[in-house]
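Right, one structure below, let's go through it.
Letters are used for the chains, namely A, B and C, taken in the order the chains are written, and counting of residues starts over at 1 for each.
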Amino acid sequence: MRPERRSFYTLAAIGLFFLGICLLEMYGSHYDRRVANLMMIYVILTVSLNLSNGIMGISSLGQIGFMSIGAYVAAVLTLPAGLKERWLTGLPHWLSTIQAGLLPAMVLAGVLAAVVAFLVGIVILRLQGVFAAVATLGFLIIVKVIAENWMSVTRGGRGISALPAYTNLWWTGAAALVTICVVLRIVKSPHGRSMLAVREHDLAAQSIGINAPRIRLLAFVVSAFFTGIAGSLWANLIGVVSPGSFYLWLTLLIIIMMVVGGMGSVTGSVISAAGFTILLELLRGFENRIAVYGISYILFAAVFMLVIIFRPDGVMGDREFSWTLLQRAAAFSRRKSP
Amino acid sequence: MPIWGTGKMLQVTGLEVFYGNIQALHGVSFRVAAGETVTIIGSNGAGKSTTLMAIAGLLKPRKGQIKYCGRQVEKLSAYQTVRLGISLCPEGRRIFASLSVHENLTMGAVQRRDRKAVRADIDWVLSLFPDLKSRLEQSGGTLSGGQQQMLAIGRALMSRPKLLILDEPSLGLAPVLVNQIFNVIAALKNENTTVLLVEQNARRALEIADRGYVIETGRITLEGPSAALKNNERVKNAYLGG
Amino acid sequence: MSPTAYFFQQFLNALSLGSIYALVTIGLAMVFSILRLINFAHGDLMMIGSYAILMIWDAGAPGWVAILAGVAISGVAGIIMERVCYRPLRGSAEMTTLLTSFAVVVLLENGAILLFGPNTRPFGILNFSHPTFSIYSTLISKIDVVTVILTLTILLLTALFIKRTTMGIAMRAVADDLTASHLVGIHLNRVIVSAFFIGSLFAGLAGLLWSARAGKIYPLMGFIPVVKAFVAAVIGGFGSIPGAVIGGYVLGFAEVFLIALLPPDFQGYRDAFVFVLLIFILLIRPQGILGAKAMERRI
């Protein structure tokens, strides 16, 4: 397929995507929009997790800690000033008298998450494999413990509620699109190739002059940046942040989405995150109907184990969806069914 | 001399083993009669260790048969082949480094329940390798290379194997120790133990063995009585240093 | 209270907490040394054991029957866990099994929420836990004494098992060299199942002591202890059984004295400090303080 043709298709798809957002924002029910927003947030989370864990091969279980940081930053910034003065007594005066909009909250959430990732990464990324996994899990627990105990800023276990519902599909859709584009850009760049080289063979990559620690830190920080943004969008979508929201279940959920989509495949992550969001909502509906809660967790965990046993590379492996792939698949199916 | 009338203790037919997509063995066939000492010689990477590991049940062949005492054993796991009396002393010794010498020997008899006989066999192994006697409580990792090799052979003998398979027992050892190892093999041979020996030191191997096979790139290319192989021009040139 | 009495009280408290950590860590280390599997779901066996004990006790069984049966159930649960969740993954990368164990945690904890509800329940068995007695004006709670004595007995038996029995030696052999253990005829599955069984029994027992200490149980109770047991394992050198015991006690003492030293406002941050400690130790000695073997893909 010719390159102009490919970029035409891509642009058309992006156009359709925004048309869909436009339609949903205009005609969709509250519930539809909420699910679509969640879908976008999960896409951001899964794609950015894929950058650090799949493409770069960092064994991180602490990703949701960055989401937590982003969500709390957004909560502290966007909470109405009156409530801030009453609840968050530990804030400096200038902070407790302002109420920020979504864009500054998003940016600051991303930046702060990235800064924390930078500091944490310098330390933790020196570890390998399972040790990195447990250390990052330790980071996740530390974030949760701080959120639970720093009463004057996070309001502890009660969480911060009554956040303005700033988040809409334009924001989440655009943020998801930017995340996907940036991550795809990184993957196709020389940095991306270095990441794959480091993932496959750390020492060999270093011996050909790749600065492995730096490239790992880069992936970790970029990933945390977008994860923090996802946290801010989540905070202003759900309206409440509390320490328990950003913990094991969400960690496992995005890992499931990433693994099933294929570690290393950005488009696989997008498809998988979208699919699982819908599945999750269907299951929620089912749980509500029979009034038994928690089945979705159990089912998801079981599905994950089955996937890991029978299809450990996920649906896409580390291939990417492309128009050429689609064309070939179509040609293949035409040949099969005359 | 053979214990089983037919004399065929081990019969390998058309063995093919793959590592992923790479074929390591292309139809290896050979046999070992009971009471015999047979050697397989060949260069590095020819498929010697692969053949032995397939017999011991560490690798599953894709094709071919391994018949041992009249039973098909190519699908069995290692603990099952040990139970049937096959014992492989692996290349590189692989003794348990953090276990004591005594514990290493105990592990060699892990499947046996006859404790008294096991204790007697430990004494027997120690009589074969007197060097180990004073080091029973020392951990395996602290032994010298030669002592480790003796321990590895001793451990393999502790299961009272009908078929003892030795993979490169003299590799990397000083000449004195090589002699000691081969003396023990000779002693075992005199006790009617069936031995399958893989060696880089083809000269010594052919001296001690009754028959021999030459393996090259995963195929048996020559076979015959040791004396004949020793005088074969090709063997002389390739393995006996001209 | 005199400073000496206070110190002694804290000392016993630390010894008791360390005992529980040691019990949990042994199971974690045993399985890790053989399979290179970090089983986060190990902590949930504490939860399963505790709930089983409570259920059986509530049904009217005498306390000791409930305890024995509950601990046994925890052991069996460990065997089932290995068979269903981990055996199909034999030979997979370490990260795969680690993520699987993470999924098992979510599965079991939510299963428990489904069965027993999300709320805490009082754990009144071993009721003698709260009564205390006093020696030279030092208040001593009986549960601490029971914990320490019971654990020390078990540790002694474990040491004998590991040192003397064929299975114990076989476990060490497998941890040393997997291929060689195959070759000498060690039946790997039996060793793995034994390790899971023993570790799970200890986890069940630790669950009992932990719950009796806290006086309550809840479905998510196992997670923090198991991650802390990992910290203990790292302190002691991962995969080593004696290291696990030492690490458990070091962590117990570190934690109790941290609480004693921290100002009251910061006591909630205790766990955060523990995990900062973990990251710190991993950094200066990535392979553990006593030095475990290089981490590599096995089996």
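Rule of thumb we're sticking to: a contact is a pair of C-beta atoms (placed from the backbone, for glycine too) under 8 Å apart; a residue touches a chain by one contact, two chains touch by 3 or more.
Predicted model only: the values in this text are computed from it and were never measured.
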item	value
Remotest chain, chain C as reference, centres from CA atoms	B
Two chains sharing the most contacts, counting C-beta pairs only	A-C
Centroid spacing, where centroids are CA-atom means, of chain A and chain B in whole angstrom	56
Centre distance in Å when chain A and chain C are each reduced to the mean of their C-alpha atoms	33
Mean-CA-position distance for chain C and chain B (Å)	43
Chain B residues within the chain C interface of the complex	56-58, 77-79, 82-83, 87-90, 94-99, 103, 106-108, 110-111, 155-156, 158-159
Chain A partner contacts - residues on chain C that touch it in the complex	38, 85, 88-89, 92, 94-96, 98-100, 102-107, 109-111, 113-114, 223-224, 227, 230-231, 234, 268-269, 271-272, 275-276, 278-279, 282-283, 286, 295
Chain C - residues contacting chain B, complex	166, 169-170, 172-173, 175-177, 179-188
Contact set on chain A toward chain C in their complex	59, 61, 123-124, 126-131, 133-135, 137-139, 141-142, 145-146, 148-149, 248-249, 251-252, 255-256, 259, 292-295, 297-298, 300-302, 304-305, 308-309, 312
